[in-house]
Structure formats: structure tokens, C-alpha cells
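Both complexes shown next keep chain A, but they swap its partner, so chain B is in the first and chain C is in the second.
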Partner chain A sequence: MNEMETMDSPVITSLHQGDENEMQSENDLDSITEVEDLVTLPRIERGKERKLLDLPSEDNLNPNHLPVDIQKDDAVVFDASETVNTSEDNAHEDSGEFVVAMLARGTLEEQGVCTKRISSPLSETPLEASSHWDEDVTAESWRQHRKHVFVLSEAGKPIYSRYGSEEALSSTMGVMMALVSFIQSGDNVIRSVYSDEHTVVFMQQGPLVLVSVSSTHQSEQQLRNELLYVYNQIVSMLTQASITRIFEHKKNYDLRRLLAGSEKILDGLLNLVDFDPSFLLSAVHCLPIASSFRDSLSQILQKAITPNLVFSILIAKNQLLTIAQERMVIEDAKLDPADLHLLLNLIGASSAFQAGEIWTPICLPSFNPDCYFYAYISYLDPPECTVCLLLLSTDNEAFYAVAECKRKIEEAMQAQNALTSIAKAQSYSVSQVGVSDLRHFMYKPFDVPDNHHQLTQFTSPEMEAPYDSEEEKMRLLDLYRDVHGRIHNTARPLKLIYHVAARETLLAWVTTKFELYTCFSPLVTKSYAINAITKLLRWVKKEEDRLFIRYPPKYSTTPNASKS
Partner chain B sequence: MKMSLRELKVCLLGDTGVGKSSIVCRFVEDSFDPNINPTIGASFMTKTVQYQNELHKFLIWDTAGQERFRALAPMYYRGSAAAIIVYDITKEESFLTLKNWVKELHQHGPSNIVVAIAGDKCDVSDAREVLEKDAKDYADSIHAIFVETSAKNAININEIFTEISQKIPLLERSETGVRGLKLRREQSDLTRERTCC
Partner chain C sequence: MFLIKGMPIRLLQGRTNELQTHSNADDQVLTDPRMASGMQEKQYTPSLLSFFIYNPKFGPREGEEEKKILFYHPCDVEKNEKIRNVGLCEAIVQFTRTFCPTKPAKSLHTQKNRQFFHEPEGNFWMVMVVRNPMVEKPSKDGKPPTIEYQEEEILDTVYGAVLQQCYSMYKLFNGTFIRAFEAGGVELLTQKLEKFFYRYIQTLHLQSCDLLDVFGGISFFPLDKMTYLKIQCFVNRVEESLNLVKYTAFLYNDQLIWSGLEQDDMRILYKYLTTSLFPRHTEPELAGRDSPLRPEVTGNLLHYGRFLTGPANLKDPDAKFRFPRIFVNTEDNYEELHLIVYKAMSAAVCFMVNASVELTREFCEQLDALVGPQLTLLASDICEQYNINKRISGPEKEPQFKFIYFNHMNLAEKSTIHMRKTASVSLTSVHPDLMKILGDINSDFARVDADEEIIVKAMTDYWVVGKKSDQRELYVILNQKNANLIEVNEEVKRLCATQFNNIFFLD
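And now, the complex of A and B:
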């Protein structure tokens, strides 16, 4: 790794210096951070890049090296495109030519890189496959999607595209793979490409390459996290071990064979990622209910156990009611919010028609990417199907035993008339906080008792007017994402942001105890906002028993709970 | 006297998207959703119907047709009294998959399992790729029940299950010693269920 870095450093240094100079001459105040975003080179921490800038390394740069490398890379890249061509029966005839054209452009790009910022042609590669998309009636609308996500194999085979059919996109994906291998052959990894309108983020996970092409102005880190969710959702269906095994066995394998019928799960995930801040905050949203009621639900779960049961999860309206966990298992590892998000998405995308009880293997990638749990999923309130019970076992034969647990839970809940109470439970209005001009907030505490043994949670009121339409909701979430991205900027993290926008004022604050994002009406003053936050924090403190799962219940099933 | 109740485990097998869940959905709930999501793993459901002087409680395992779940199938057909293998009459490939399932059942399934073959989507026979006669001949050659069905238009759905009831060995019937005595309490339910066919 060190060798690679020293080899690469001259190039990078020159890149940055070139960019920096140009940017500064444009008097762009944010130049340094932007430059870092423009060319984000792989395997090198940003901190290190910065240090490299100070090195007198220009002497090391041999300009002759670059073209030679590119020649070599050309060959490699062309191979990749050929693979695509030959392996896809219905690949477009001109895709090979297309790839070559793209490469030529890419080569120019590389050569010009020292004096010029990497600009749009490269970044728009996936969208520039116009020769094919012109044939597609939906081409224009296809291009205008906010965020594209592509998954392909190292051989350049399409695995998933958020929009459009993978077959039609095989050459586009071939180009993506070409870019990846082009940079790879220089012992480097492509991470992202920026243009005025789009951010292209590449992520390689084992034999899979994931690409996000986004016009949302999200931070690279956020897009990367989203790609990781996509990868993990695939792992949740197949396990990492089997993906690796498959591609070791056959590099050219068409993974869509195994994912056939699961596209909806990935589509659903990407929609959730766009609309549900849980993903941004990596935290779980609980349905607010009286703590005594939550405790009684927890006790019901705690009592209905069977050997090898490890998690019992009760969900209503896509929010968590309570979760009981096997004691031994938590000592091993905890259930990551990301895993729960994947589970919730899976439930949403599966056709649980009313009376059905689902039994399916599922892998929790953050927990253990290589093994399966067996999930029992059943709705407790057919035909509405809003209250869902999820029981995870390590035993694939345990269906009937686990189904028996469900019946116990159902009976106990009936005895307490719990379903009626759950139906009444709902998210709260921001007006309950009693702070005028506060329109919305997201609060994620780090000081919940027993925190590292349980899920990270956050609380947030309903999005009400003016954020009640789909567009406005998205606009607020985009603002949150923007502020979140700046707070968590790895190069220049911030603790507090006060952001006055045209139609609202945002205040975000991160401390060791919590992370808070607030949205006020546009005319509040800074001191008012700070004051309001104090009030808000006091309110949350007062309500926390209702808003959060404070002490997650545990149970012991068997000491021999074996992970299959 | 109580009518005897028999539990019959039935599993549905076949390619993804051929209509297994739709068949079950039509049978159990008498409903049809054209945009039904693919099943994950397997879905378990029950429905009790009257057959002659018995109540047959079908324990239905609706398995996912996707290849990644294929290895799980033995879990569901093991101990099954019957298997309904479904293919899509508009997809030749799904009929080939069906033959593989038949092979697998003969090799690894219960020896006395009743096999039923359902050619679903017979409402779109314009796009037919599998001839009814070919499928029927094949079904006869393996002594399987054969029907073409349409979950969408509720054609032959209840009939498959009735035929399964008929073909199930009469093992326990003599033991119960029940003849023609029906349980009044469930009569209304049962007639309603039967009229929907």
C-alpha cells in the first residue's frame, strides 16, 4: 500500500496543485474543499493528500509515464468492453465502437488532467450513451432521474439498474467497468467524478462494482453510504460468502439469475433512501407510545420464545414498536440500524398477503455478512397489515416453533387489546413541542442508557405544512442532507451550522451527546433559534420515555444458539 | 358427531413469476392482485375445505420461484401430501423448469406424493407457448393431475385442490368411521366456500 502511495503521489500532487491554482485564480473561497471533491483519488486518505500537497514532488513526476500507462490501460480497458460485448447476446452492435470512443475521450481527459479540472464529459459517461438512448423512447426522462444506481460485476456484466433494463444498459455498464479497470491498472481506485450537474461515485465491494450517478448535490460520503446499503441489501439476499464463491467459480456469472424477482426490493430500498431520513442518520425511528405500553409489549415478546430465537421485533406503520433480543447474541454483536433498515425494506417489498406467514433466509450484513438467519414475518392485523411481527431464528427448521411464538404473542396482545392501542399510536406534531417558528426537527441522541448495546435511534415529528407535498418533503430532506454532508465532511467537520435559506432557516448541531437538525421559518434570528433549541432539548428530555426504546428487553433462549 | 379433520401439506413449486402466489391467493382469499410482489423464501397459509365427509385443512407452502431459494425447496416438499407444480402457458421455459421439479420430486420427494400440474395464465392463451395437449400428455405420463388455470379469472383454482383431495390416499378415512355426518356449525362457511368455485 505504501508503495502504491509513493508511486501515485506525484501525479496526485500535480493534480491538486494544478487545480488549486486554477481555482484560486477564480477567487473561489471554498476552493480547497472543492478541489478535494473534484478529484478524489483512491486509497489515499484526504489527510494524506493534503500532506502530499506540501511535498516538493514535482521533480518526481515523469510526464512520459502517463501516456505509457494509458497505452497499457487502454488494452486492459478494451478487454473489459469486449467481455461485455461477447457475453451479452443482445448487446448493441456499436457498443464496442462506443467504448473505444469513450476511451479516446477518457485518454484525452487523463492527459489534460494536470492543467484542467476533470470536467463533464467523463462524468457524464453513463448518460452519454445517447447513441442507445436515442433509440429509447423514454430516453429523456431516463436522463432526468435525480439519482441513478447501477450494479455490475467485475466482468462488466449488468446486475442492476435503478431505471431502465439492464440489457439495454449493458454497454453503458461496460464503459463504467472500463473506467474502473482503467484507473485500477494504474494501481489506483476510482472513487468519484464531479461535473456541474452530476456526481458519479464508484464503489467496489468484492466482485461487485456499484455506481451512483446523482444530480442531488449530496456529499460523496452520503452517496457512498447509499451504495453500501444497496450492496448490503444484495448481501442480505445472497450472503457475501456466496457472492464471492460464485464469482471465484465463474467470473462471467450473470448474478441477475439469482436476483431475479428481487429488483423490487432494491427499487424499494432506493426510494426509502430518498424519502426516509433513517438512512441518512443511520438510526431507527420508533413509534412514540407510552413507556408502560411499550414495556408490556416487550414483555409479551420476552415470554414468547423458542430455542434459537434471537430477535423479536414488533413494527407498526414502518416504525419500530419494540425489539427483544437474545442475551447471548447481543454479547456477540448488536443489531445494527442498517440491518434493521434492510429488514424493514424487505418486509415492505414482499407480498405478505394477509393470512400468509413468511419464512425466509435472510442475512444481516452488518451482523455477519456470511451467514443466514431465518426470518418469520407475519402481520398481526389483517387485512390492514400495519402491525408486523418479525422473528429471527438461527434454525432453518424452526418455522412451526416460531409460528407458535406468534400465536402466543397474538393471544397476549388480544388479551390486552394491544392492537387497538397500537392503531391509535401515531407520530407527533411539532406543535406539541410548543416552540413557535419551529417547523421540523430530527434528534438523534447518543446518551440513551445502554446505548452501545442497542440500536441507535432518532426522533422526528411528522412533516407538516409547508412540507406536506412530495416535492416540498424532498426539498426539506435535501436541505437536511446538505447540512448533514457539511457537518460530516471528513476534511472539515463542523459542529454547528446556522443556514439561512430562502424559504427556511436551518440549524444543525452535533455534540458528543446528540445530533440535532432543526428547521425554522425563514425570519427567525440566530439567538431565537438557539433559544428554541434549548426548549426543544428540554421537551425531548421530558418525553424521551415515550419517544425512544430506553431499555431494550432481552431474553435467553438456548445456550447452544448456533449460527448457521 | 364431529367431522374428521385431515391436515394436508401442499407445496407449490415452479419458476418465478408463473403465478404460484396468485393461485394460492385466489384459493385462500378469492382475490387477485396483478402487481403482486415476488414471494421471498416461502409463504405459509392454510385453508380448510370440506371434501365428502371430511374436512381437509390444506397447509399450503407457497415457495419462491427465484433460483436463490431453490436449495430450500426440500424443506417445504418434505412431508408434503401433494405438490402443485405451476408453469406459465405463455413461457416454454417455465415448462422445462417444471420437468426439473418433477425429476427432483421423484428423486428426493416423499414417495407417495400427489403431483398436480397447473398451467397458469390460461386467460392469455393468445400468447400460448405450451400446447395443452403436450402438457396433458406429459402429466399423464407421470400420473399427475393436470389442469390449466387462471388465477386472474378464477378458472380451475378450487378444482386443483378438489382433485388433490380426491387423489389423496384414503388412509385414515376408514379409521374415523364417520359416514355422512356433518357438522352443522361449519356448514354455512363451507357452502360459501364451495359456491365460489
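And now, the complex of A and C:
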């Protein structure tokens, strides 16, 4: 143990630096102090802000560390990559610490950029973060939850529970880990347990074990996919390499110290997963707007660039308006819908983002699980806060340059009165398709231009009566999940499913050109449904410029290309 | 042929081999002929890894864990290994109770195998561990071959049903666990379990289980009213003359016509008769008159009747009049009965007599004299009627579809997919993947109480239709690759009209 405890920051912080630094950090091992020092501490608030930050979430901070922290006044923004080099005092810096780097608040406030104090979105208190925090885990109401999700470390230490506190559930999570390792000891891998009521899915990702206990009848594959989102959301805050490194050096490390306050983000993610079909379809939902308008928004983004800017994303009402990408980056890899979902969740999970500008390191796990981007997040229409600008840069020093881009974008949008037009933009009603008895659908095309480099998108109308209550919405989504699970069954995939159930008729169809899920009223005939689908496909074709981002804009910010 | 184009020949070969050799080896290796020799890929079918029965209350203290184990197959497993495996099952069951105390785990999926849990009586747990099918791929450079487990091939509903069937079969011949325990303690119980399961496990053919195991249905013999009445008369007459007979069941051609037993008891008895008892007695009536297969006529030229249980030859002075005992109505009356199975040509009758009565030579002779001639006559009547009906319905054309029908109310089951179902193998005429799709649809139906219809198109372009109406389920596989949804629907409508014209199915 003592040996373990002598680990420290350089190890963790160097993670994002690539090999050289890694080597360096290995050499530093002698000098390291306890991992926790490095990991937990660094709230990089400036000294004067310190008091403001007296948030409940900091309970788990060791008070002993506080003074050290306060000394760190001049740290402005930090992140992992900086620490190895910066380090007079690197024992207390942790790049991995998302919370830390979350806000360069002090600085911003000094600049008068934000006038209102923002509390770190991640440190919003556990109380607020999870109303289920103090649930009685032996009560029937706890058992009745539709879907539990647990995250634990290989040492069996609780990291996250969707309902009930980790402390109260530590023995349950201990059992989960025991099951995982018992089966592992037989040179085997546990996958799932089925009872009449629940499906329990186990998934190991590096040093973390994720468990879903669900009464939803979803397929194991779907539940596994959801757990992967949870894992990736954690990675987006810490990076995979640093998680691995932390546990390599201290097996029984309590990762909650690093994730303090981020429960709300995971809670929010799981709620979204339940209610937003984007996750099921692994595709992005665009807000329908006239293609000319979308083009003009794209041009605004294309013009407001700075070196090392890689993605410019405009979001309204939690749906995508447009996304502009750095040309070289796209050559390399495309932005995965899963990463965008995590970003959207991050933004949506905290009201704190609504009040000013945020500069935070964020990892996009599908893009590269081991490195950070720096995200600039700002709402363009306070106080309504429905239109959000997200700029991703690879340079952690670029805050001012990126903030300048935002200013340009804001100006340009004002000039075009774009915000008013965006406010008018709305999702559409299924009645616009003009097929009676068609109640709802989800359409995911594969034949988009430049498909290879594009975000996968889908379109879907509003859920209207009879799917206008929470329960009915969920019921329809469950039906979709059922047919989706069957049609994408890993061992026995299907091409088409026509399901006549008591309260609706569903038709799911997967071709090389699209994937389509439709919901009809229960008494339609098969020939009617076929005709309806033909009409629907024709309608989507006609509207596709409005429904989808057809030609995603690109720009070049490579230093030689844009010095302006 | 309805066989699917592109269906791996190895599967067919494997199954026919099996028919010829009646191989018990579960680890049967089916070689894929498509692979060039030298680089052969080996496909292994699912097989039984272990089967055990335990009661956690029998060894609650530490150090006494072994006492929990009542039966363990294979028996040569080391003691600690047994204890560990039982411990895992207890842990899994306990763990799932955290989330729902009344509905504990039914199955555990791992990369290499699946475990099925069944608690047929309070605290008595039966566990069956089935290895996933796997593919062994040879690797170059003399390295050991890589093994790839196919984790999604085993259907929980099918193997869960197989495990429940194991218990029902045990109970049919031995009564409940708790009765044996009460009568003779753990010792008697373990003896009975050992005696029964040691043999029964050998007859589990896990590689050929499918949807029919989920239904555990009974195939009924289609009959006109007249002949049906004749049979009922016969049963009444015999029961009146031989008042020792408590229950009677009448079968023709391995299909049930009449039964006085409770449905669940009949279902498992039917399973025993058709998969175990009948196949063990070669069918003399199938052989020609002069065939050597035809056994010595037992001195009675008036009829073809003979006992399938009890005395093989009544004239034998050393004949034993011992019959197998069965347990029925275990929920309430808990009746123990002698099972007398008597057969003439294709007609078989089960007479069940209270076990407290001793069956004598006189009784058997009386039964033989009374039943033999009547049953012989009845059997040929049924045969004649059956042939007439067949002629009326016209010559059999290779249909464009295959189907399975099951009625939950009377357990009636009909399959044109299974060419033959015997103790050792069920030979189906469709690709195993299509059978699994039927299983998937069935589990979808099981979740909802309402009438439903599901039509799917498989990757191989075959259409599969499932319909559930009231308590009835119908599954159709269509052999029309280029059909569209509407044509498929028309085809199934036609099928329903001809085969199930009196049953309402959702359109």
C-alpha cells in the first residue's frame, strides 16, 4: 500500500502528453506523493473565488489539501498536458481532473466576460444532482426503478449508482465485482443474468465494471451500448489513459473523488438514453430548417475561425443546427454521433452553462479516448438559452482566440437576425407527411452525399397524441427498441419486421440505403402500410434538404492557411 | 425439397450421422466440407457441461457445503469444484433477489456457456450448464487453434423448458423431491436422483432442442366423429369391465386421441411414450407379414395386441407382472399408479391402475383377452378412415410453406417442419437459424397477453410469420424468396383457411 501511496501526479497528468511525457513520468515516480493528492485537489479556482466554491460536493475533498490549493493562485486554466512541465508543485495538479479545468472562471470574471458567478456545472451539489441520492436501497420503490446503472472499480469500489447512494450500495456492488471476478477466475467472462423481471448486463471496460439492471426487455446489445455511453461519458471527463493509469497505480482508488459533482451528468445521460432515440439509432437529430438558412449559418461558422479550431457546432433546442469541421481533421476521422451525444448531454445536464462562457477540456472518446479537446461553450440567446455555440479547439491556450470567434459569430448572426429565425424553427408534425394512420416514424438515411465523412443523422416528427404523455412516449420508444433489437440481433439480423400489436402496428425496415421505423394505428392493412411507406419515403426525399445537413461545411485552420 | 439453399451441408450430415449411430457424444464435431483439407474449421454444437441439484438448506454451515449437493453430473468432478459451482449459483440467485425477491435468476450467460436455474420445489434447485456452440479455427505456424464461442445461438426459453422437462419427467416416475426426502431422508432422495438422472441425462440431445420443447405439446390424431365415438365407446367399455383401471389414454400413430389424465400429467407422459417407450419397441406392423422383424405371434392369432410395459409374453410361465409406476396429480391427490401400455398395430392404450393394487397374471390375461381383439379391430378401422380422409383431401403437393401450430388450451401441437421427432433427434427441414427466429418471435409473444402478429424477413430472404390469437400460436416459414409482404400475407391467409378454418387469426 505504501508503495501505492507514493504515486503521484506526474503520472496521471502526463497522460495526455504522449510517449515522451509518459517516459518522463515513469522517471518521476520516486518523487511522487499519494495519488489522491494529485487527483482530488485541484480546484483551480483563484484564491478569491475559493469561498464561493464552498459547495457541498466538495465534501469529499480532504480539507488538508485546501490550503495548498489556495496557494495555487496563478494557475489559470489547467489541464493535463500542462502539468508535467509546469510543475513547481505538480503534486497538486491534475489534468485528469475535469472539475478543475472546468472553468477558467477566475480569469474570465476578471475580464468581465461573465458578470454572474457561475458555479462549476460539475460541482453542482450531489443534493441537487440526484434526487435519488438518499433513497432507501432496501425499499420496494428502489427495486421498482425501470433501469439501474452501477459503475464500480475492479477493486469493487463504488463509483456511481443511478439510484441510491454508492455508500448504501457498496455491498451490492461488492457482490457484482465478486461475480465478475469469480467467473473470470474460471477463464471465462460474465455477460448477463436473466430473471423473469430483470436483465442484468455486466460490462468491463479497462479497470471499470459497469452493470445495468433493467426491467425494460431491451436486448442485451442495447443495454451494453447504453453502458458504453456511460463509460464514454466518464472517459470524456478523465480520458481513458488517465483512468487506466490511476488504477494501475492504486487499485482501490476511489474514483468518485475525481468525478465529484459529475453524477448529475451521468444521471442526465441516462435520462436522455431513455427518452431520446438518438442514442438507440447512433445518429444525430437535426432541427429542420430551410437549407438556405442552414447554409448561411454554416458560412458564419466557416468565417469565424482561429488556428487549432477543429469543430464549430451550433445547437438549438438540443438539436443540431449545423456543424463545421476542420478539413484536415475530417480527413483523419469524422466526429462520431456518440461523441456529439455526450457533448449535448454535458451541455444539457447543467444549467450553469447558461450563464456565460465555459472553457473546459473534454475528451471525445470515439474520436480519441486518450486526448483532450478544449471546448468553448456559450449560449447565444440568454436568458432563454436555447441556442448554444460549441467550439472545439486542440489548443488549451486558445480561450481568448476562440471567444473572439464567438463574438464574430454572434455579430454575424445578429446582422442576419438569425436568432429570431432559429426561434421560429420547429420540429415538424407527422401530419405534414400527409398519410393518415401514420402516427410516428424514425428515418435514418445512409445515402447522404459524402456519407463517409458525415455524421449519421436521422429525422423524426414530434411525438403527438396518443404519445403525448411521458408514459405513452416511453411505451412507443420501448416498442421501437423492441423491433430495433430484433432487426439488429447480432446472431440473427433481419431485413424487415411487421408487428401488429394491440394498440399499434409497427413496421421496421433496414436496407442498404436507409433504416426506417414506423408506427401506424393498429387496424391498418398491410397493403395500406406499404403504400404509406412509399409515400413517406417520397416525402422525406422531397424534404431532405430541410431535414438533414446535406453538405457539412468545412474550413481550414491549419496555421499556414489562416493567419488572420 | 424445402431445404434451404446455402444451408451448410455439414448440419444435415451431422444430423443424419446422428440418426444412424444414435451417438450420445454431445461433443460431436461437424466438419465443414467447404473448408479445404488441412485448414479445417470445426463446428461444435451446444453440449451439456454439467447438471446438478442442490438444496442450500441442507448444508447451511461453513464446511458443510457438500451436503447441499444432492446430485452432480459429471460425478468425477472434484469436491471443491462442485462446491464452488453450487456457490456461484447461490450467489447469482441471491444477487437477483436484491432487485426482485420473488423472481430470482433463471439463467446466467457467460462467454463460454449458459447456466439455467430452476427451483421446482421450495429450496430445491436444478442447474443445467450448457456450453455455447463454438468454432475452432486452425491457426498457422503450429499455434494452438483459436476457439470462437457463438454466444447468441442458445435460446433461453428452449433450454429453460428442457430443464423444467427434466424435473417433470423425474416427478412422473419418482414423485416430488420433498416426498422422497420425507420418506427416507437425504439418502433416499439422492439415491432416486442418482438412479433417474444418471440415465436420463444421456438422453438429453441438446443440439436439437427447439421451439417444440418450449411448447411441450401433444400431437393429436385427426379423426372423423364416427371413429372418435367408437374409441370413446371402447374406452368406456374397458373401464367398466376392468374397474381397477382409473385412467385411460388412447394413442394412434404416436398421436393422442383420448386421455382421462390431467393435461400436465398427460403432456409429460406423452413425451415419455413418444420419445422413449414407443421408439424402443420396433414397430412390427410397419414390417411386412413375412418380415423377420415381426415377432413370434404369441400363440394368439385373433389379435395383434401386446404389452409394451409389463410381461413381454403372457404365455411365458416366468413372466413378471411388474409395471412401471408413475405419479400424477402431485399438486393435490398425489396418486401413484401402475402404467400399463398395451398396443395393437398402430393403436396404443395406456391403462393406469392404483399402485396399491397388486397386478396379477389373471388381470393381465383378462385385459389381453378383452382389449386385444377390440383394439386390433379399432386400429384397422382408424387406419381405413384415415386413408379415406387423406384421399379426399387430395394428393399431397409440396406446399409453399411449413408451419408449427400450438394451442395452449389443449396443448395441441402440429408441425410440418419436423420430419421426425424421436428420442435422439428432431430432424427439421429448415435452417436452424430460421428455427431460432421462430423462438425469438415466440418470446416476443410470451411477453404480451394480447393477440399479435409478427412478420419478419430474414437476411436469407425467407419470410417468417407468427400469429397469436387467443391461446393459439401459429408460425409459418414461407419458401418464396421474392414475395412481398402482401403476397406473404395472402399465402398465410390461404393456409389458415385450409388448415385452421375454424380458428380466428388476426389479419
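Please note the rule applied: the second predicted complex is superposed on the first by the 415 of 564 C-alpha atoms of A that agree within 3 Å, B and C clash if a C-alpha of one lies under 4 Å from a C-alpha of the other, contacts with A are read in each partner's own complex, and residues count from 1 in each chain.
To be clear about the criterion, a residue touches a chain if its C-beta (ideal position, glycine included) is under 8 Å from a C-beta of that chain, and two chains touch if they have at least 3 such contacts.
Just so you know, these numbers come straight off a predicted model, no measurement behind them.
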Partner chain(s) touched by A:P361 [first = chain B, second = chain C, both, neither]: first
Residue contacts with chain A in the superposition, chain B compared against chain C: C
Touching partner for A:A501 - first (chain B), second (chain C), both, neither: second
Partner chain(s) touched by A:N489 [first = chain B, second = chain C, both, neither]: second
Partner chain(s) touched by A:H198 [first = chain B, second = chain C, both, neither]: second
Contacts of A:A290 with chain B and chain C, given as first, second, both or neither: neither
Touching partner for A:R257 - first (chain B), second (chain C), both, neither: first
Where chain A meets both chain C and chain B, residue numbers: none
Interface residues, chain B side, partner chain A - complex: 16-17, 21, 25, 28-29, 31, 33, 36-46, 62, 64-69, 72, 75
Contact footprint of chain A on chain C as seen in their complex: 88, 91-92, 94-96, 98-100, 103-113, 150-153, 156, 433, 436-437, 440, 444, 447-448, 450-459, 461, 484-486, 489, 506-507
Residues of chain A touching chain B in the complex: 237-238, 257-262, 264-265, 346, 349-362, 375, 396-397, 399, 403
Chain C partner contacts - residues on chain A that touch it in the complex: 143, 148, 172, 175-176, 178-179, 182-183, 188-198, 200, 213, 217, 220, 482, 486, 489-502, 525-527, 529-530
